[in-house]
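In the two assemblies presented below, chain A is common to both, partnered first by chain B and then by chain C.
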Partner chain A sequence: MKLTFARLGNFHIAAKALFEALGIDVVLPPPPTKRTMSLGSLNSPEFACLPLKMNIGNYLEALEKGADTIVMVGGIGPCRLGLYGEVQRQILEGIGCDFKMIVVEPPQGRPDRVFRQLFEITGAQRISQYVGALRLGWSKLTAIDSLEKLALRLRPFEESKGDISFAYEATLKRIDEAGSPKEVASALENGQAAMKSACKKTDSDKPGIGIVGEVFMVLEPFANCEIEKRLGEMGVVVHRSIYLSDWVMEHVVKDVFRILRKSKLPYELARPYLCHFVGGHGVETIASTVDYARQGLDGVIQVAPFTCMPEIIAQDLLPTVSRDLGIPVMTLVLDEHSSGTGVLTRLEAFVDLVRMSRRSRR
Partner chain B sequence: MAGSGYLGVDVGSVSTNLVLIDERGVLQEKLYLRTQGDPISAVKEGMRRLAAVAGDTEILGVGTSGSGRKLAGVILGADCIKNEITAHAVAANCRVPGVQTVIEIGGQDSKIIILRQGIVIDFAMNTVCAAGTGSFLEQQAARLGIAIDQFGKLALGAVTPVRIAGRCAVFAESDMIHKQQMGHRIEDIISGLCEALVRNYLNNVGKGKIIEPPVVFQGGVAANAGMKAAFEKELGTQVIVPEHYDVMGALGAALMAIEEKNRKDGQSAFRGFAALNRDYATRTFECKGCPNLCEIVNITMDNETIARWGSRCGRWDSL
Partner chain C sequence: MKETIGFPRALLYYYYYPAWRSFFESLGQTCQVSGKTTKAVIDSGIRVTVDEACLPVKAFHGHVLSLSGACDRVFVPRLVSVEKKAYICPKLMGLPDMVRHNCKGIRQIIDPCIDMSRNSRAYIKELYATGRLFTRNPLKISVARRKAKQAYEVFVRLLQAGLTPIDAMAKQDFHLLQYFRDSGTSCNTLSRHDEDVRSPIIGVLGHPYILYDSFLGMNVLDRLHLMGAKVVTMDMLQPAVVEQAAAKSQKRVFWTIGRRLLGAGYYFLMPGTVDGCLQMSAFACGPDSFIGELLQQESARSKQKVPFMTIIVDEHTGEAGVLTRLEAFMDIVERSMLR
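== the complex of A and B ==
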């Protein structure tokens, strides 16, 4: 079996480590390019959201490289992603691909279902091997998150443009190659040191902008036109509302073991504006915006794929949140044709707005 | 004009505008040209015309704006390269102090900018739809055989504006054709179209924004009296079209060049009027470094590379 899965930011590094530690061959889709996007759009329904199109592009490129089994997450709506596993299976079968698809549905407190599907992929193995694989995967996931957080904080202070991104990429590669949690930790430590030494004084006051929105668009730089890097290079400290390890903890771990209570915080923060689950990250988008306003950030940018229902609901509520709490909010709706230039124009204007309002407050 | 001044250039999808202002921001010269898909020639032609009337002016600073701001900035040697949203806000606030809402409709873009106490607090730009922008109005004027500068005035002669669906340019056009075939007067159809486009603008670009007077309407489409009247009717307030509504982006760019000069107080990077006789050329090639196949643009002045951009990874950006 040669296993593959869709890409989501740097998630593949941790997932690959997990599966390989269980003795499974992993064939990663190559990093997304224009070709991925073209293959995906060509074979997807036009009104489907960008994540579906990018997933299809990933699968096709991975199948070309020899993958024969695809793992995809399921879901129970209202976000359409819950259907995508099945939709994608039918699309790929329709164009004559030969593969097996495993859709992992949310266990909703029935861990045996997940474990049964996991056994289907891994075959029966010793418990100690599972524990080791999970430890390695988890250590990579949390190391990547720490690295990303630091890059977002330091990028506006880098001495010459591109230094932080260079150190970041090099460290990601080292984390990817690490064979044990200990090696992961040392790769991270070296990377953090390299980033810190690439910066001038980091104490001056820079504007802070929070990124909220749909998980795929927030986490996948190719899909969001590298919004974090661009803002960082304009001298903005970026705060991101979603990190992979938090996401896995909230949506996978806590869902498998229902004994752990899911965080109620998003609902508490969003309550004055939205008190109902609307699917995807609709509630979290509102909650994070409220949270960022209270933290005193200078602005919030919502990123959403075109036609995303949960984010459309959030988008319609954000102007009220923005007015009530006095924080500027901009929405970027992105699709396959979104040009980097158009996004850059809006980002520049938003940063100008944020700077002007900071100046006037002083 | 002798003496000294600041130059502002706005290279948009449809028009390229140039303004020359003095140190106090008073407009001295303005030019409105068609970009015609060739921004370099448009900038050169504009500068040639400007040199003819003001070639002896000492240029203290240059600002560029619009979707071609980077290219124009390299060719001219700009001190300040700013996005068109900020440029339009700066210009509107300078010409109509206290402005709270700016409606800007250009060739392919439309924007709304909300200001309070002179500070931009919110803005939006059309994303997936260009219905209601200058290009569409021009196309409809041409289809009806009416000169674009007469198009808006005709709308004012409407008696009963017909209802046209403004959601999509294609559907709006078929709606218009249908109304024509039914025998409606052309004035009523054009007026109905203006109302439809205003509704579309307010529901798309202006969605969720609190539109407070004074409202300023600028950009090429502000020349259209029918659109102005339709905005006034829909908003129930007076809409101000500033004197230089068609070059506000360039004006904003020039005003920001003054600010930049005051902040840095250095020599301008302006290459001079004479530099326009140089031979500027662009060359595009596909980078084969990875499957992204980025289209790299290489800009040369007399066969010497002066700028390069277009790569996702940035490997071609440094010369």
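== the complex of A and C ==
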């Protein structure tokens, strides 16, 4: 069995480590390119959201490389993600691909279901091996997150443009190669040190912009035209609302073990504007915007794929949040036609606006 | 205290208005429905919503705005779910919030939260809370609830007897029993006759707020009638038939209307049921993008093909363009009937 899965930011590093530690061959889809995007949008429904199109592109490129089994998550709605598995399977079968698709449905408080599905992929193995694999995967996931956090904080202060991104990429590679949690930790430490040494004084005051929105678009740099990097290089400290490990904790771990209650905080923050769950990250988008305004950030950017239903509701309500709390908010709706240059122009205009409103406030 | 309650003639008005009306009327309130959708209504809706919102949501905002001043309260329910483990559409879940922030001139909104996804009796509490706005007497509310239920059941039977929601709402007032005696309650529109020349039967799929809104749906149902076709919409099929067809999908579709669309679509695409299948959808409709793809895959797999066309409408759609496509579609349907 040659396993593959769709890419989401740097998630593939952790997932690959997890599966390989269980003795499964993993064929990663190559990093997304224009070709991925066009393969995906060619074979997907026109009004499907961008993540589905990119996933299809990933699968096709991975199948070309010899993968024969696809793992995908399921869901219970109302967001379209829950139907991704079924639609993608039918699309790929319609093209005539030969593969097996395993859709991992959310356990909804029944851990046994998850483990049964895991056994289906891995075959029976010793418990110690599972524990070891999960530990390695989790350590990589958290290491990647703390590396990303540091990169976002330090990028506006880098001595020469590109230093931080260079150190970041090199460290990611070392984390990917690490074979034990210990090696992961040392790779992370070296990386953090390298990043810190690439910066001059980090105490000057820079504008801060929060990024909120749909999880795939926030986490996948290729889909959001690398807005984090671009903003950082413009001298902006970027705050991101979602990190992979938080997401896994909130949506996977807490769904398996229902004793751990999901956080109610987003609903409380969003209540004056949106008082009901709307699927996806609609409520979280509003809540993070409110949170960033309270923290005193200078602006918020919402990124969403075109036709994303929960984010449209949030987008509709964000102008009110912006007016009430006095924080500039911009929405970037992206699809397969978005170009980096167009996004860059809009980012520059927004950063100018943020700087001006900062000056007038002082 | 008698109040006038405004009902926007949009979204799920077409499924639930008979029930809502008898609920509020038996509580002694007056119901006021907004006028038919016009260009002006849509334009005023577009002005207050984001571009990305779908046409039905924009039209809904327009209808709410057209009610301002004409009524004391506007009824904007938060329809989360009407059956277990299924939702309607995320946009309907956030609708009262969107209306409240976009339509500034609206005085008061009644927004009961109907969520039956976990508990199929959860809506009753909301009904009582809504009824409390007008009466302190729980008995009255309970009577109103029963009347609403009866009205809804009659309405559903009329739909299954082959009426569109518009006709059913018009019929509901008079001679109800007479009507049932005349036409029979079973759905007999699908029975084929052995005549040599028969009119083609077209199965039409689409969200009710597009199909039955003569402006948004470009009068497609009437046009098909004029072209000599018999029209069967998904609401005229027996629920059991639709459910059974929808069960063909490996994964259960978790949108109530989406599952009906898929089931009715699978049913229509089976050879021998209808002569052509037409899907009406709104630009950038989330559920329809997936349902449409699943239906197209099914159509591509089937050996005996039923003509299948999708028409997507948005605020720029012109009637002439739709007409041309309908004519071409009917030509193909007629040709495929000769085979």
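Assume the second predicted complex is superposed on the first by the 362 of 362 C-alpha atoms of A that agree within 3 Å, B and C clash if a C-alpha of one lies under 4 Å from a C-alpha of the other, contacts with A are read in each partner's own complex, and residues count from 1 in each chain.
The criterion applied here is as follows: a contact is a pair of C-beta atoms (placed from the backbone, for glycine too) under 8 Å apart; a residue touches a chain by one contact, two chains touch by 3 or more.
Just so it is clear, the model here is predicted, and its values are computed rather than measured.
Visitor: Quick one: classify A:Arg346 as touching chain B (first), chain C (second), both or neither.
Guide: So A:Arg346 only meets chain B here.
Visitor: In the superposed arrangement, which partner chain does A:Asp316 touch: chain B (first), chain C (second), both, or neither?
Guide: It touches chain B and chain C both.
Visitor: Given the superposition on chain A, which partner contacts more residues in chain A: chain B or chain C?
Guide: The partner that reaches more residues of chain A in the superposed model: C.
Visitor: Should A:Lys34 be classified as contacting the first partner (chain B), the second (chain C), both, or neither?
Guide: A:Lys34 sits against chain B, while chain C stays out of touch.
Visitor: Please indicate which partner A:Gly282 is in contact with in the superposed arrangement: first for chain B, second for chain C, both, or neither.
Guide: second
Visitor: Going by the contact rule set out at the top, does A:Met217 touch chain B (first), chain C (second), both, or neither?
Guide: The answer is neither, since A:Met217 touches no partner chain.
Visitor: Touching A:Phe306 in the superposition: chain B (first), chain C (second), both, neither?
Guide: Touch status of A:Phe306: both partners.
Visitor: Which partner chains sit in contact with A:Tyr273 here, chain B, chain C, both or neither? Use first/second/both/neither.
Guide: So A:Tyr273 only meets chain C here.
Visitor: Looking at A:Val333, would you say it contacts chain B, chain C, both, or neither? Reply first, second, both or neither.
Guide: Both: A:Val333 reaches chain B and chain C.
Visitor: On chain A, which stretch or stretches are contacted by chain B in one complex as well as by chain C in the other?
Guide: 306, 316, 333
Visitor: Can you list the residues on chain A that touch chain C in the complex?
Guide: Residues in contact with chain C: 44-49, 74, 76-80, 82-83, 85-87, 89-91, 93-94, 103, 273-280, 282, 306-310, 312-313, 315-317, 320, 333.
Visitor: In their complex, what parts of chain A are in touch with chain B?
Guide: Going by the criterion above, the answer is residues 30-31, 33-35, 162, 226, 306, 316, 318-319, 322-323, 328, 330, 333, 335, 340-342, 344-346, 348-350, 352-353, 356-357, 360.
Visitor: Which residues of chain C touch chain A once you look at their complex with the stated criterion?
Guide: For this pair, the touching residues of chain C are 49-50, 52-53, 78, 80, 85-91, 93-94, 97-98, 101-102, 113, 249-251, 253-255, 283-290, 292-294, 297, 300-301.
Visitor: Within the complex, which stretch of chain B touches chain A?
Guide: Interface residues on the chain B side: 67, 82-86, 117, 119-125, 127-128, 208-210, 290-293, 312, 314.
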